[in-house]
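All chains are identified by letter, namely A, B, C and D, in their written order; residue positions are counted from 1 within each chain.
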Amino acid sequence: MAKLSVNIGSLSLKNPVLTASGTFGYGEEFTPFIDLNRLGGYIIKGTTLEHREGNPYPRMVETPSGMLNAVGLQNKGVDYFINNIYPRIKEYDSELIVNVSGAKVEDYVETARRLSSLDKVNAIEVNISCPNVKEGGMAFGTTTKGAAEVTKAIRSVYPKTLIVKLSPNVTSIADIAKAAEAEGADSVSLINTIMGMSIDVERRRPHLSTITGGLSGPAVRPVAVRMVWQVAKAVKIPVIGLGGIMNGRDAIEFMLAGATAVEIGTANFIDPAVTMKVIDYMEDYCSRHGINDINEIIGEI
Amino acid sequence: MYSRLTLAPADGSKLPEILPGQFVQVAAETPGVFLRRPISINDVDYDKNTIDLLIRKAGTGTAALLSLKENDTVNILLPLGNGFSTTAEPASRLMLIGGGVGVAPLLYLGRKLKETGHCVEFLLGARSGADILEMEQFEEVGRVHISTEDGSLGEKGLVTQHSALNENIDNIYCCGPAPMMKAVAHIAKERNIECEVSLENMMACGLGACLCCVENTVKGNVCVCTEGPVFNINLLNW
Amino acid sequence: MAKLSVNIGSLSLKNPVLTASGTFGYGEEFTPFIDLNRLGGYIIKGTTLEHREGNPYPRMVETPSGMLNAVGLQNKGVDYFINNIYPRIKEYDSELIVNVSGAKVEDYVETARRLSSLDKVNAIEVNISCPNVKEGGMAFGTTTKGAAEVTKAIRSVYPKTLIVKLSPNVTSIADIAKAAEAEGADSVSLINTIMGMSIDVERRRPHLSTITGGLSGPAVRPVAVRMVWQVAKAVKIPVIGLGGIMNGRDAIEFMLAGATAVEIGTANFIDPAVTMKVIDYMEDYCSRHGINDINEIIGEI
Amino acid sequence: MYSRLTLAPADGSKLPEILPGQFVQVAAETPGVFLRRPISINDVDYDKNTIDLLIRKAGTGTAALLSLKENDTVNILLPLGNGFSTTAEPASRLMLIGGGVGVAPLLYLGRKLKETGHCVEFLLGARSGADILEMEQFEEVGRVHISTEDGSLGEKGLVTQHSALNENIDNIYCCGPAPMMKAVAHIAKERNIECEVSLENMMACGLGACLCCVENTVKGNVCVCTEGPVFNINLLNW
């Protein structure tokens, strides 16, 4: 059997398959369908310093081969996570990665600092790219200066693996990636959702309470693969690829484009067992192609 | 256009225990449909190992489900969500109020309540008599009252104006269009009737993972798919 | 019947339905399926100063609800167009708009100058956003400076209606639109294709000869609607909306978001008669909604 | 998996004149398929007002077409492209060479050539005998030679090695996998045989509007959908 394990910063993942933040709850929701222990890792909901109620309903609309969401980082805050959720989910034999968001640099820093004390959390993914919150969020992700600033500040308090999650809503994502790399990010993950909008033409009003939202699903995959390819060529740190992965073929596509690991997002809604199928496919693909170590194919294009 | 689908596990496995008010997430594999569609469980037959769904054609996804033929298979997740409470006091007067396709979960609920020794009544509303669904099935379970807006069947008017609501009622279980549920909730609050409603918020995952389906409640935004779809009206900000 | 006519610069279109460049040939290809005279206008193939062979085959791959193309502006050059094609297609009772591309500013200018002499061409659409050519093309469309430079130079030689077609591959498309407006563009059209990529995982090589290509089709529609909405709020000139319009509903969606006219692109490949159906839908929509003049709904959101 | 679809205009209209080698663009309305799929016209029956398509399951789109049932309707554009030339000198020896599902357009071509008084021969190649398609139909039209790679039917080897090619041939008409067509074109060039091949470039529109399907020829890039799919090999840069 081929070696599927890959390294991201100081993490050694048993396979390249992670779950995307905001699409996999806290992992627990999926235990009726999958064995969480088989995952390379699971990235949980966007966590902020304080409790957030998120945006008003409606928060979702289906689009061709995708969906728009405007959840807006609803979560109970980092302390609630540490005290109430973490104890419940920390025992899985899979890397638990917390996705961190904030409105101000200080919020990111303080959230990261508090998370750094958790034994079973060896990495955080910093979301500088959420299009669904008014202040901060995407603003940091759309300029090299913003990305550098957040990365640098978090790096100074967070000694474990630091993944910076990039926004696709930019002219040159490679430049943003390089800025994060320069300030000490151990890895970058991309893409977050693409800002989109949908209108109910009969009622003549937007489908989402926030007018615009974030587009995800297979519709965005060609854009995501292109960006992963561009970023992988521009940085030396490992790249985590995501955006519209629906099956094993799609996951391999990202790895050929340069991703060391992948995240599965919206696909979890269509098939809650999709992650297991992706891992199975990877094993099968490697054996069909005579690949001994999946690292061989990373960035082959 | 409405239709009832009867489904059995394709692999012959035994159905899990299903609570009245729970729903399924069904994949409508047709062009232009991406997400699963949430549909209430209308009835369960453990002997035959089948569930029934009552589907109204709303768009492409439901149209595809309605065009399924005998022996076709569909991919389905079940049972999801929390059901209605079935712990009313003995000898209470229970009124199950449904509007349009919202009658769907009330059939199985009625059966379950009857099994636990309750006497149930149904109040079904629709635009006209032709839109009243599954009346015979409901009549097997309890007394059926009808309201139609055009008066073509039962009393003319909205369900909230039906004379069956004039007498004492202990519990209301309601599912239908939001304006109807709100009007019913209003009456229930005024008259201090225990009342549960089943919401139909837009869902992506149906599993509590995406936080898309939230309802703003007295506890803040909660997921309809996991903390509902059935809510006691005291929890809602209606 | 509702008034469907709209104005773009000095053009008065009999209805808001145009065809998107590169997806409608020279119009002639569609005469077996539609009455060209019913169109608001038809925008023909990207035309350059010199003959271009375009990119090597393969140039196309299907994606979820969309396609990537890498045609690369194959055309016989502006003089061939003027002498050989224009005489054949100029007699339709519908606005003939030529899409102009170039690698250098001077090429755009010279092409526009030559086209300005054509009686039946009352507008050009300047493509500063093609992701499929090495030099120029998208480069102009991704900076306010580039967009301003090209617009200004063309404006100085082209007195008729000047539409600037914008690239979606940018951080702030509203800023680019404002730059074009400031230099005298009469209208902006958006979006061109989004840069994407697709890999054949069995052969382990890209599907396109150029590796990356331009994504079009309904997959991109939510992004396009969002950008039209943003641009329509930022500029005073009329906006032409496109990207993934498959039917009349979609066209109305763009108008509610702020588009004065729409272009139908990839949908012509799926249904060569789609443009007629969109016009019919608009009439029906207006009557259902009690709209006397379609201009009433433009930018309603 | 191969199968033949027989289609008649759903509105009862009369088929237009169709040239051998022309193709259709068919919409495979199934999830995951966006563009139409180009398929050669395998046969035409003007009396019955039907066309035949011979389809090989290559992926999702062709799979959907193969699962069509009697009386289903499909959306189709036809006839598209330019056909084979049917103006060979009288009494020429004509060889119609097909590989795999590439035999599709040769049946109608053979019929048409026969109608104009030509004597046609077919040379069909495939991996094994089971993959040789429509042999009986071809035998109605002319003499059939077979090559199979495993030797299970006809001569063992590639079509280009078949003994039927040893004697004098005036015209070759070829459709099949690109490597086979290239090998055939090579032989034709060497021996100065008139040769036409039918290309299967990836298409989006099929109408000459998108310029996606180009083949690099001696005249530069030309659209296979409008200037082809059939090309004289002298035009190709093979």
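Simple rule for what comes next: contacts are C-beta pairs under 8 Å (C-beta built on N, C-alpha and C of every residue); 3 or more make two chains touch, one makes a residue touch a chain.
Treat the numbers as computed from the prediction; the structure is a model and nothing was measured.
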Common contacts of subunit B and subunit C? A, D
Centre-to-centre distance between subunit D and subunit A (centres being mean Cα positions), rounded to whole Å: 48
At what distance in angstrom does the C-alpha mean of subunit B lie from that of subunit A? 36
I'd like to verify one number: the distance from the centre of subunit B to the centre of subunit D, where each centre is the average of its C-alpha atoms, in whole angstrom. 56
Got the subunit A residues that touch at least 2 other chains? 63-66, 217
In subunit D, residues with contacts to at least two other chains: 33
Touch-based graph of the chains, sorted into line, ring, star, complete or other: ring
For each chain, which other chains does it touch, given as pairs? A-B, A-C, B-D, C-D
Would you tell me which residues of subunit B are touching subunit D in their complex? 29-31, 33
What part of subunit C is in contact with subunit D in the complex they form? 22-25, 29-30, 45, 53-54, 56-67, 69, 71, 74, 217, 266, 268-272
Quick check on the complex: what are the subunit C residues that touch subunit A? 63-66, 68, 142-143, 169-171, 194-199, 201, 204-206, 211-212, 215, 217-223, 225-226, 229, 244, 249, 252-253, 256-257, 285, 289, 297, 300-301
So in the complex, which bits of subunit D are touching subunit C? 27, 32-36, 75, 77, 201-216, 220-221, 226
